[in-house]
Structure formats: C-alpha cells, structure tokens
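Pasting the structures here.
The two complexes that follow have subunit A in common; it is paired with subunit B in the first and with subunit C in the second.
This part shows the complex of A and B:
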C-alpha cells in the first residue's frame, strides 16, 4: 500500500495569501520574457535531411521516373495508401507504373516505402504541408508525386549514410 | 455651454460612460488573451490588425454570424432572456460610479457620473445582486445537467460571497459616513485619507477584492463555468451572440467591480499628492486605478488554479464572513473611540 506523506504546511502557507502573492510575482516576471512559440507560416519549421515528410517519386536526370512498378512499397505500406498499376514500356527497363497513386489522407509518413524500394525510386521529401479543400485533391497521382532527383538529393544521401552497412552507393 | 439643455448633457454622459464600458469589455477580451499569452511565453492573437488589435471586432462579427442553437427541451423564453439578464445589471450599476469629480466645461459644472444617487452603494448592491439570475436562469432553461449544476453553483457562491462583499463595503461606508459614492470619493481627497490607509481599510480591501472575484465568477472561483467538471457550466448550451452576451456581462461586471474597488479604497478620481488637480487628471487617475484592478482580474486568473467547491464554501463561510464581521466591529469601535469619520 502506498501511503502518501503530505507536506505539513507552515502557517504562512496556510494563510494562502502570501503564496498567492508569490505566484502572482512569478507570472508577472514571466510576462516580460520572450515568447518561445514559432509564428508558423512566416517562420517555417526547420527542415533537414532527417525530416520525414511526404513520399515523392524520384525523376532521374534523363527525365524518366526511377520506379519499375515492382510493388514492394505497395506491400510494405501499412496504411494501404499506395496503389500501383504496372505496364510495359519500351524504355529498356520492361516495366513502369501506368498508375501510381498515394492517398495522402491515408499515408502515415512512416517511410516504409522508402525502405522497401529496391530502385531508389521513392523517398520521403521535406514537404510537410498537406491541406486542400476536397478529399479527391489529396489523392496524389504520378504527376503530383514526381520530383527531380536534385530536390531529394539531401534525403537520398542521408538514407545511404544511414543504411551504408548493407547498401552500396549507386 | 450654459444654454445646452440638461438632457443633452445627460445623454452625452450616458453614451460616453456606457460606451466606454462596452469598449472596455471588448478590450478586456483581447487583453485576457494577450496577457495569458505573455504569461505563458506565447504571442497571443496577432493576426487581425496591428498586434491583433482588431481581434475583438473580428470576434464580434463572428459571434453575429454564428448559428444560434436552442436545445430541444429548453424553456425558450427564459433561454432567450437569461443572457440579457446576466449582462444588464453590471451595465446598470456603472451609472452610479463617479468616474471623476466635477468637470467644469465652459463655465458649467457637470458631475462626472451618470447618476448622483444618495444611496449609490445600496443601488449597486441591489442591482448587482440580480446578475446571478441570468446565470441561474440560463443554467436552468438550457435543460442540460451541466448548465443546471453551473447555475446552482453560481447561486450558492453568490449567497456565500455577497455577504462578505456587503460587510466589507459596510465598513467603508461607516468610515466615510455616507452611502453616496460621490461623498465617499470626496472623503478621500488626499492620499492620506484613502480608505486603504486605515487598518480596517486594508482588511476590507482584501476581503472585498476576494469577494469581487467570486461575485464576477472569475478564477479562482469560476465554479459556474468550471470547464473540466461542467463542460462550460451555465453557458454550455449557448451559442453565437447569446454566448457573447454572457461574456460581455462578465467583463462589464469586472469593470464595475474594478471601478468600485478604485472608488471605495483608492479615492476614485483623487490624484495622489495633488488634491486640487484638474478634473481631467482625476478621470485619468480613476482609469489607471480601475485598469490596474482589471489587470489584476486577468493576472490572478492565469496564476491560480481553481479551488474545490468545498474549499470555496469553507473559505466563504468560515474565513471571509467572520473576518468581515470582525472588520465591521473593529471599524465601529475605531469610530466610537476616535470619533473620526
């Protein structure tokens, strides 16, 4: 059994008023201190390679997306946010996605797709803002997910550094 | 100036003082949020206008355009009436507060204060006591458990603390020898005459301040609202402008209580060390004094936690009331032995 020993209050404390004045003096001193909150839209959150924002598809330097529609990310996704329909292509890599949808309302930004991808085709970008006026607009298709490789490079390097024990640099 | 009809001056005074109080209520709604923010390392509202100064305006527009909901089982008449009843008494009581001494404009003497009642204090307490009806009726008419409990608590609290409030004022009335607020102000012309400068005045001031917090349903005595226990208390079911009316009423009550505090204990419009100061300076002095107590209301709210209900009752009946009675007795003895009014 837990017996809580309450502190015996002194007479001054039981009078209550001196303690009230003490509390008031504390809040009054805090009154002049600098606020620590961030003015969000003007002062955006600090972003770094560690920032795990929304997943984006890598567009290689030749203009094609790196994805080969293998479906690994689709399987890895715990929220079933990814839908892929693969199709043939004459680019010499045999397959590419005809449809690659991420339902951003389902996506939990866990980064499993990034880990699962064998072709370095999907990475977590540093894009965090997700707001729109309809649900349909938040169902991102391939065109909305495409990002040039250069914009994701920081994250790509970070992931390689993180996983360099079993992953060879490209 | 001499040939301006009396009625015009009356209406001008009513518009200025009453409008000033409503403006104070609006400023207070912003000040409450700003001060609370500053005390918690935040910025507070700063989006609407420079430094968020237009926030009360935006709030007002929002309140007007919000949908008004009336619960299915509510007593419609009382439900609609209650917010007005809650807001009205404090708006009426400002009438007897002298915000300044006598103004002299164009050779004409104008007492600053809407009404010069011989029984100013009695009027204030009588009308101010009605304020609780708005809260009780609002709570009862909502047909909601939480509102009902909030209303009942408000009633119990008012009964407990009104006694202390009146008894502490009574000591001041005895010291000043008049029920007329103008007389009470006149008896405190110099800083040495302020009622706070007497030993009974100090005790009466402490009791009055605590009781005024309870009277206006402010922290740490806001049991009628008490969000964690009663959702929103008496105004749980209220929305839109009716909800806003309760708030205007609360802020107006705070304004009146602060003004009364300044008037009773700090000489109202008396300027320290300048007993013959210009009347405009007096008005400024009054505004500063009342403003400090308004700030105190907010300051205390964001410092102290809410009491428990039994603690509230114990404080009211076993500490405040005996002290107030003792204070009245001591005041009587003081006057009897010194013959000093």
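This part shows the complex of A and C:
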C-alpha cells in the first residue's frame, strides 16, 4: 500500500492568491521572450547531413543508376519494404535493377539499406515529408526514387566519414 | 571397412573413397573447390588440405584430402591451427585474381569461394598489383556463359565432360597466370548436359544464360521434386522466386537415379509450369481458372461444382465412359481415377506418346511419360495417342484426366472426333473442342504432392513448390467429388 505524504503548506501558500499571481507572472513574462516552437510546415525543419530521411537511389554523373540489383538492401531491410528484380544490361556492370520498389509505408527510415549497400547506390536523403491520398502512391518505384548524386553529396560525405575505418583509404 | 580417427572421433569408412568423402559422410566439414563426388579428384585447388598422421603418435603432415586414400588407423585433424593456416594461404592465392563481383555475380549466396572466404578469409587483400583483366562475358554455346576473371581453374567443368559425358569439349588453355577455360577450337558447347556446368562451377565463372540475373538465390524457395520430362524421373529441386514464380530446376544428388546431374531438356522445361492465367471472365487464352462449361456462347467460366455436375450428368446419360489418364498423373491421382472407373465400370488407359528420340547413354530415356511404370503397375493400359483417338471414336463419352492430357493426345485429332462423342476434361488449359462439355482445372506438377515411379522402379516425390492459382483444386479431390456425385445419382441402365 502506498502512503502519500502531503507537503505541509506554509501560511503564504495557504492564502492561495499570492501563488496565483506568481504563476501568472511567469506566463506574462514568456509573452515577451523568443518562442522556442516552430511553425511547421511554413517554417521547415533544419536539415543536416545527419538527417536520416527517406532512402533514395543515386544517379551517377553519367546519368546511370549506381545500383546493380545485388539485393543486399532487400535482405538488410528489417521492415521488408524493398523489392528488387534484376536484369541484364549492356553496361560494364552487367546487371541493373529492372524493378526497385520501396514501400514507403513500410520503411522505418532506419538506414540499414544505406549501410548494407556495397555500391554506394542508396542513401538516406533529407526528404522527410510523406503524405498522400492513396496507399498505392506511396509505393515508390525506381523513377520516384532516383536522385542526382549532387543532391545527396552532403550525406554521402558524412557516411564516408562515419564508416571510414571500414574502408580502404582512397 | 576401414577405421580412421577424424578430429578425435573414431569412424568406419569405405576404403575405396578418398579421405574428403569419408569426412563429408560423417559430418566433418572440409572445404572443396576442385573435388566433386561425381568427378575424378585431381587436387588442383589445395583448399581441402588437412593434417594427417599415419598412426597415433606419428608425425602429422598436411595433405590434400581429395587425393589421399584412407588407411587403417589414420589420424586426421581438420581443425588444427596448421591446417587452417595452410588453407587460408591457399585461399589468399585463389582470391588474388578473383574480381570483387559478388554484388553482380549470380553465384553469390551459393558460392563455395564466398562461403569459405566469409568463414576463413581475411577481409582485405594484401596485394597492391592490379587484378588480371580477362573476358567477362564469353558465350560458350546457347546455355552457358563464361566469366574468365572469376574462374579459379578448378577444372571441374573440364572433368565433367571427360568423366561424365565422356566427350571432352573443354580444356584449360594457356599457361600459368594466363590459363583460361576454353572449348576446343573456340567451338560452342554442344550436347544435352551443358547446364550442369553452372551447377558444378564452385564460383560464378560458368553461369546459365537462361537464369542469368533472374533472381538472387536467397530469394528462391526450394522444394524437393522430380523432373517431368522423361521416364528417368531425375530428382530435382524446384526453385521459385519469393515462392511464386518458378525460376529454375536443379538436379539434386541421388545416387540411385541421376547422381548429381540432369539434362538441359528437363532443366529448361519451365514453360509448362509458368503459364499465365486466362483473362478474367474467359476460359481460353491461358491457364484455366477453376472450371468451364459449354454454354450458348462456347466455353464459359464456371464454378467447380457446376462443371462436376455436367460431368456427373454426362456419365449418367452415357454410362461406362472411357477414362484416359495423362502420363503426368501421379500414383495418388491414378488411384482416385481407378476408384472412379470401378464405380463407373469404365475402361482405363493412359496416353503414352511415342519415344521422342532424345535417348542418350547418360540419363534421358527418350520416353516422355514420367510415370509410365507407375501407371502400368496400377493396371492402366498404355495407349499411343493414335490408339487413344481410335478408342475415343468407338466411345459415346470419355473423361480425359490429368495435367497436359489434351496436349499429349493431340488437340487437332481431338477436334476432328465425331460429334456423337462427349468429353469432360481435367486439364491445366482448356481448348475449344467441339466435343468438350466441361473442363476442370488441375494443378501442374510443381503445385501438388504425390509421387511417380521411374523407369527403374524408383519412387520420385513431388512437392508443392508454388501454390496453385485460386480456385484450382487438387485433381484427386475433384475426382473424389465426382465419385460422390456419381454414387448419389445411379446411371440409367
């Protein structure tokens, strides 16, 4: 059994009104201070390289996708959000994805796909907003996931720095 | 039997087998690349090296387990630091020129080199020299493509043609680091056993053109099955991508039937098990959904019980129908069909197409009936397609039962039958035949359980690799349902 011991109130506290005035004085003081809340979405959130948004596929400077459909991200994905079907290509890498789907409703933005990728083809972008009127629209296919490498460069540099101890020096 | 000691455990082994086989048979893992139980050991990769002493207390030496015969009292240790060290050094040399292709390579996931490197190897190469550059996509005929960079020159493929097919077609060309696998005079590979090269290659150097980049192997669900292309009934594994789409058939080691091999005809027979479904609301143009019956506008899709009712009406109106089984019928389905035939008092036969001339010395029997022996044992009469047509001409009604039965009897010949004959068919695909009253969908051989008896009397199991389309009922269940309906409505005498 829990015995609650109430605090003995002083005479000033028992008078009630002085305490109300003290409380309201804090409220009125806050009116004239700088607000710490943010007017989202009118004011966007600050984004940095550490922002782990939705995964996106890197399109290299030559216009080709960096992915070779190895399936590592598909295996690493704890939410089973990724589905890949590969196919043959005439490029030197021989294989490329014919289908690369990420179910954004399943994706939990954990970044395991980015970590698993041996080809630096998938990175967590700083895109965070995800809303639509249908579920089908949030099943992203390869065209919706493609991003030029330059837009992801900040994150790529950050990940390289983070994983540097595993990588051979360039 | 010879007694030897492996890793402190006394085991009894066959003296004719090499040491590596003895270890594998007793659950001791010894890595191997050039050794294959079906081929002559050559000891070229040196990855199977273990420490062996002639007797307890004798000095131990490191030897290749695939080239060492077992001898009485031998003491073998596969796990000592020295054995590991020797194997690791060999592995480093094998990896010296092996490209970092695993993300692209089709073998990744079932690659011996990858597995053993993961267990044993070091994560970084120590060499600073560039890897050798060779041809990445060299076609060796219609079935196999060679990646020369990935090859570790184990020569399994060379020995496969020399030892198993007995018609050498491949060789190791060049010397030293310039050695590559090639065919004689750059001719493409020929023969019916090329597909096995992709299976026995321990790395991804020889890959199958048909399967190339079709799926990652860990996404394939595997189930034990039997090949349907000839009466040999090779033991196979059916591999389906994400449990839905059959992507390849691979041989499964079975010393009694097919050893480790299978022919390309069976390996590439994916078309009959990957038919698209007929369009919604139509009975033709693909795999039949549930059933169809003849209506005013030709064949119309119907519920299973409606089609079974048509069948029951037919056998009530024209008793003693001829019951023709498909050569692909399993023993279980044939049993259900025979029970039905006894109730109807009808004659049972099965379609046995003529030998197709594919017969060879190794596996293919040339007989396209996988269950000929089993059906004959059950008392079904084997009739050639033309004999079946003759028998149908004399009948008033007939039931054609089993997967691909229309195709094996011949649709053209069936279409030319007199209109007095009425047919009810249990098949995968419906055809618009004038005599057809109803067709009931059945599963293909990768969608059902059962067994076939092969030409030598060995049992071949079938298992469910992919689920049958919605509405398709197992054939023996449909036949039992028909039997119940027949018993409920006795035939008009």
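Quick note on the criterion: the second predicted complex is superposed on the first by the 161 of 170 C-alpha atoms of A that agree within 3 Å, B and C clash if a C-alpha of one lies under 4 Å from a C-alpha of the other, contacts with A are read in each partner's own complex, and residues count from 1 in each chain.
The working rule: contacts are C-beta pairs under 8 Å (C-beta built on N, C-alpha and C of every residue); 3 or more make two chains touch, one makes a residue touch a chain.
Just so it is clear, the model here is predicted, and its values are computed rather than measured.
Q: Return fit or clash for subunit B versus subunit C, each positioned on subunit A through the superposition.
A: Here subunit B and subunit C can both sit on subunit A without a clash.
Q: Check the residue A:26 against both partner chains and state whether it touches subunit B (first), subunit C (second), both, or neither.
A: first
Q: Can you report the vertex angle at subunit A, computed from the C-alpha centres of the three chains with subunit B and subunit C as the arms, to the nearest 10 degrees?
A: Nearest-10 rounding gives 130 degrees.
Q: One more residue to check, A:17. First (subunit B), second (subunit C), both or neither?
A: first
Q: So in the superposed three-chain picture, is A:48 touching just subunit B, just subunit C, both, or none of them (first/second/both/neither)?
A: In the superposed model, A:48 contacts neither subunit B nor subunit C.
Q: Counting only touches as set out at the top, which of subunit B and subunit C does A:157 meet: first, second, both, neither?
A: In the superposition, A:157 touches no partner, neither subunit B nor subunit C.
Q: Touch test for A:75: subunit B only (first), subunit C only (second), both, or neither?
A: Touch status of A:75: second partner only.
Q: Quick one: classify A:141 as touching subunit B (first), subunit C (second), both or neither.
A: Once the two structures are laid over each other on A, A:141 reaches no partner at all.
Q: Touch test for A:39: subunit B only (first), subunit C only (second), both, or neither?
A: The first partner, subunit B, only.
Q: Once the two structures sit on chain A together, report how near the CA atoms of subunit B get to those of subunit C, whole Å.
A: Minimum over all C-alpha pairs of subunit B and subunit C: 41 Å.
Q: Enumerate the contact residues on subunit A facing subunit B in the complex.
A: Subunit A reaches subunit B through residues 17, 20, 23-24, 26-28, 30-37, 39.
Q: Which stretch or stretches of subunit B touch subunit A in the complex?
A: Touch list, subunit B to subunit A: 35, 37-43, 46, 206, 299-300, 302-304.
Q: Which residues, counting only subunit C, touch subunit A once they are in their complex?
A: 102-104, 108, 124, 136-137, 212-216, 218-219
Q: Under the touch definition given earlier, write down the residues of subunit A that touch subunit C in their complex.
A: For subunit A paired with subunit C, touching residues are 68-72, 74-75, 84-88, 92-95, 118-119, 168.
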